[in-house]
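Quick heads-up: structures coming right below.
Shared chain: chain A. Partners: chain B in the first complex, chain C in the second.
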Partner chain A sequence: MSKLRLSAEIRQKYQAVIGLEVHVQLQVKSKIFATEAFTFGSEPNEHISVITLAHPGALPSINGACVQQALKMGLATHCHIPTATYFARKNYFYPDLPKGYQLSQAENPICQNGYLDVPMPDGGLHRIRIERIHLEEDAGKSIHDLDERDTLIDLNRAGAGLIELVTYPDLRSADEACAFMAEIRKLVRYLGVGDGNMEQGNLRCDANVSVMLKTATEYGTRVEVKNLNSINYLGKAINYEIERQIALIENGGEVRQSTRTWQVSTGTTQLMRDKETADDYRYFPEPDLQPLRISREQLAQLQEALPVLPAALYERYTQELGLSYLEAMALVEQASTARYFDALLEQKLEARVAYNWLMGPVKSYLNEHQLETEAFPVEPARLAALIRLVEGGKVSHNAARERLLPAMMLHAEAEPAHLARELNVLMESNTTAIAQAMEALMQEFPDEVARYRNGRKGLMGFFVGKIMKAFKGKANPKEVNQVVKSQLEAKN
Partner chain B sequence: MKSYLTLDEIQSDLADGSISCIELVTHYLKCIREQQALHAFVEVFEEEALQKARETDQKLKQGSAGKLAGLVLGIKDVLCYEGHTVTASSRILQGFESLFTATAVQRLLAEDAIVIGRQSCDEFAMGSSNENSWYGPVRNPHHLNKVPGGSSGGSAAAVSAGLCHAALGSDTGGSVRQPASFCGIVGLKPTYGRVSRWGLIAYASSFDQVGPLARSVEDVARITQVMAGADGHDNTASPHPVDDYPSLLASATGQRYRIGYLREALESEGLDPEIRRFTQQYLQQLAAAGHEVKPVSFPLLEYVVPCYYVLTTAEASSNLSRFDGVRYGYRAPNVNDLETLYVKSRSLGFGEEVKKRIMLGTFVLSAGYYDAYYTQAMKVRRLIQQQTLELFKRCDFLLTPTTPTPAFDLGEKTSDPVAMFLADIFTVHANLAGIPAISLPLGSHSSQLPFGIQLMAPHFEEARLLAFSKQLMDVCLSK
Partner chain C sequence: MQITDELLNKVAALCKLEFPGETREQLRRDFQRMLDFVDLLQEVDTEGVAPLVHMTESVNCTREDQPSGTLSREAALKNAPQKDERYFRVPKVIRQ
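Right, the complex of A and B next:
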């Protein structure tokens, strides 16, 4: 990617300072200031009312569901929620912005001054402060490449509800920024605020990047980088931008306040506009909407209804259950995975055992079928019953994984133990029978016994195999091993 | 057909069969045709009005007619009416047909009012003379070389000339009251938020209010009562309960009110001497009738017009951004790129006054000027609101002339925008403060032109304002 090459020594002199602006498309049934549906996959311009089309005389009405989503996000990030919040108009002309202004918030946004504790790869939690979260509407889509001559406009998305979350410049590296973004994506999904899909643009982010000498006391001039539609690109773009800025300064240049866009094809950022040519959006209070009152009762109810959040789960998994950073992160990545895990724990399974099953057979099944954990066809209680069969030596791990688990998916009602019997995978716990079989074998193969006793310990497998075969795999391997070993080594 | 002052009279004649809705509509259609020189209407819904009249006559026979049956109404060309063209008297909306009906209109239709046509106005309700209409100027029925006032000039002229019984206008800085004054009829601007703005083409959203123009206070009361009230489509429409204005009209009888008159208004330089004298005499009569009449000071008066123009143009510059030639309305021909599409469509589609106000509004909201103009004007507006509320602690009503002069000549002020703006000096106060205000046709000038007296009341005191207005009109008419 980057053609810039800086020596580690030079790179070491500088500190990067990063802040993010994150847009989340809200998961709600209708638009934020209009009543028509907002869904994906519709025909172009299927969901457009007179409000979305900005017909003369049409006025916005606020969708309470969007307000709730913003409040959930604010509560989850420990924000101050004012008793009244205001909307503002951001004025600019573009064909996919029908009113000629975007309804947004400027002064007194709905959520203010919060923070998010982000698990970092070193295992610690970093507190990233959040300056604000505000509500706004999305624009439509301009499609430039479908028609030879004309730009086509699809206004289905125009007026869809968004929140924009702005951090303080508290992030210090691309890795930290990526960890923060991953945490936001999780949060959005846990709360049901959005689907967190970055590729589809339902979760977007812009990064403000600056560098300063480590000895400096003031931040450098920041550059805004746009068009970051994956966490991977976010990291790459920040690293590129850090190096570009350092190289510029090292070569006697000066970073100018500007907006740049990430170019996937070249792996570089490219200048979009300078501060001098920045738009003047002429924000002013939206006169068509009254200040929005937020009652403390409503807030208390929302707070009450908040689910357990990924940071709390992460904390519990690492601190109480002793799981590693990576293991805990894998579990909390999706709320449904964590919920499933917790349900297994409720079945009195040991954390490690539950983790191995969930991240082993369950995960590979889900990956293979491209499913989310919540779509896993076996209920936690039934999976726990299966795991207990394995742990109790009733079914071998292999048989449980390869035969019993698939059968359980097909027969949702059947008891695992019952199914195991039907499948003939229940292991027989019969030390006497195994001992008798072994005695018979020892008489049949005296040479092998003698060679074993002379040090060819590997011959133990020969006897184990014979017995397993005789018991058609239903003998408990642990038990077989024990019996074979004790008889071979018995001094007679 | 006899000349009806009130809807009550019409309805009592409808009840005893001495007239029918179809006769009423036919009569008004004839008058409209005869008085085309006024240019009051830009479109007449002839067939539709006749059809609705037949239906209403049928309903009257069955006893199922709504409470406004017999009301033949004109609507200002800024009110949306489903399936009908609405243009804000602008080129940029030529041919635009609305897909929905304004709440104010819808509520009147639901009570069987008949909409006979749409009426010319200043383009996007910007103006005080109706000379800014794309359809050409409207003339004052009292004197054809005079303006009817604006921006609801077509509506005021039509009601005054008997082309319809009443009309709906909109009032952002006096656009109902000032033409009512110039045309000698009654015009009410309700409290901001009293009537839904859904379907009213916005000029300045925090000022605009739909208001009726009629020949009597009774009709203004009846129309307002039907239109007013909360509306799910308009977040700024107030849930404050709507009083039964018509039945409360007698409630002022025997009441002695505290009436404050704005000293600064009566002393203002541009005030026509005859209007000043009349107002002073009128105040004396009120005192003689037992009311407590007192001068009050309102030193902010000189700031109301500048404050009004900064804030309304700021809002307008944003409100009118949607007229971009992209989705509907006028689009400049032979355009190949976006920038030219915007520039040409808007340059050719909007008239001079509208463009002037868009530019002024864009300027006052621009970085570097914002605080000096917009923020400052917002502060002044708050002061005006506070001081006005203070005045209402000592007064029940504030009284001023509606306008500093009677109707002026066509073309007289078109080249002097400041003089034109000052025509609104007494009316913008109510819009800045959000209070209700009414213009009553009490005065008559030696030039044979009428002029109005304006009464202002505290927020949501329409019932008291209308009752007192009725009393004043009764005294005036009995003379």
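Right, the complex of A and C next:
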């Protein structure tokens, strides 16, 4: 059963309520409470220490860089940051957690009660409240499918620094949840807090989903859905879960508090455990780690050093520059793209013109070569010089895109105008020559002229094309259009 | 607080321990004595006293983000009851 069929009418009766728990693997060099390195792509069990292995007497210590990363995320999401915070033990048994407990935070986490304004496709901003962000360590990896008899344990990831961000149940649809997650991914990348790679599990997300009748005043029983390693799966799993719960209720059943996992192969969620077998984590304050005191000076310094964030850029692009939701979102998706765009604007280019060049020729080059914007071989100032040649009618758009831009990539030093001359793509401004050519054409094609004058306005293109061809593309199209039109419209 | 059979079972399950025969009754008695002691402490009036979470005054004992202290894989795997050249091995923990 991969698809549940619910009539739109039944679906309409219900409101979905969604909250997310997001884990971000912190971009730092060593683990959060153990001292060894944490890097990707290593051989199994290469990055482990006596702390990670929970050898008797081994004591943890706090990686200051992880604390800074959590604070940056908290400041960027408008959280309250308490003056003191401490760690807790979360007790559970699992083979990839040698200590038998995870170092985490329970009460009084490092960031509390924030929010994130998320741009939605309707152009508005939805404020999604954030309950908390806390620091914790990751577990190792259990590999179940490599060996027939045993589960294999790789502890490289055990003890890696994470933040867990928990939202209030403020999301109302799969689309909203996906938009929120996309915004979080952008944010961690802009801040340098994490790399945001969901496929590799460096950014993870669990969704708490419930449904309620639209007339109801209390939320329904929630189900936690795990194993969502892309924004696409997040959306699909939430939609599936909403429909499953509605169908269950409509058939007289009852949603039970439980944890389910998303099954990629079937496109469904599957029961993992229900409330009766839910873990009892027995949190208590961690005695081996001293508390953190966070000074207001430290916060002010971090705040000062925060980069311009995607939300601020989005607002400027839509409000001040008049770009649409989709255009602004495309620009802010990567910080380097937004930076390049802003650099073009500094060259006094019009926003629309800069956008079209950046998202057209530049983006297609980057896509083709799988590069980030910062790796584009032509700097903003030089691209702006090329754009000005086109805007000033000196080089046709086509020639600029197809010939001049590629030449500029090869010759990093050459002036665009100089290159244009060498490539022989500079257009001649020669109204007289164009007018003469047009006169000759009108004599050669009197029928077409007559038909144009009888209303077949489309024939203008016929003459424009002939002239462009005669001038080998070097005539200025605007100028040609003007001359052709004025001569065709002239009363004889 | 009374240590009931039910509570004893729950704690044992959480600890992944079994208490066969006489040890169970012994454990129940010890457990009860410990809780009785805590009950005694509960009688102290702590109104207006902030909880003492940590036993030292030191704060912000953070370290630099510099990797160190890595064990070789060979040394790390040395004491594991089950292993191969690269992994710790444990009985399969999920059904497939």
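General remarks:
We adopt the following convention: the second predicted complex is superposed on the first by the 431 of 492 C-alpha atoms of A that agree within 3 Å, B and C clash if a C-alpha of one lies under 4 Å from a C-alpha of the other, contacts with A are read in each partner's own complex, and residues count from 1 in each chain.
In the analysis below, contacts are C-beta pairs under 8 Å (C-beta built on N, C-alpha and C of every residue); 3 or more make two chains touch, one makes a residue touch a chain.
Just so we're clear, the structure is a prediction, and the values are computed from it rather than from any experiment.
Touching more residues of chain A than its counterpart among chain B and chain C is C. Judged by the touch definition given at the top, the superposed model places A:Y101 against chain B, while chain C stays out of reach.
Using the contact criterion defined above for the overlaid structures, shared-chain residue A:D280 touches chain B and also reaches chain C. Of the two partner chains, chain C is the only one touched by A:E36; chain B is not.
Residue contacts after overlaying the shared chain place A:I153 against chain B and chain C alike.
In the superposed pair of complexes, A:N356 makes contact with neither chain B nor chain C. When the two structures are aligned on the shared chain, A:R89 is found in touch with chain B, with no touch to chain C.
Look at A:G57: by the touch rule set out above, it reaches chain B but stays clear of chain C.
Contacts of A:Q290 after superposition on the shared chain: both chain B and chain C are touched. Touching of chain A by both chain B and chain C, each in its own complex, is seen for residues 50, 53, 61-62, 91, 93, 95, 151, 153, 280, 282, 287, 289-290.
Listing the residues of chain C that touch chain A in their complex gives 10, 14, 16, 53-56, 58-71, 73, 76-77, 82, 84, 86-94, 96. Those residues of chain A lying in contact with chain B across their complex are 50, 53-62, 89, 91, 93, 95, 98-101, 151, 153, 280, 282, 284, 287-290. On the chain A side of its complex with chain C, the touching residues are 28-30, 34-38, 43-51, 53, 61-67, 84, 86, 91, 93-95, 142-145, 147, 149-155, 280, 282, 285, 287, 289-293.
Interface of chain B with chain A (complex): residues 78-80, 86, 88, 93, 96, 98-100, 102, 197-202, 204-206, 232-236, 314-315, 317-318, 320-324, 326-328, 338, 342, 362, 365-367, 370, 374.
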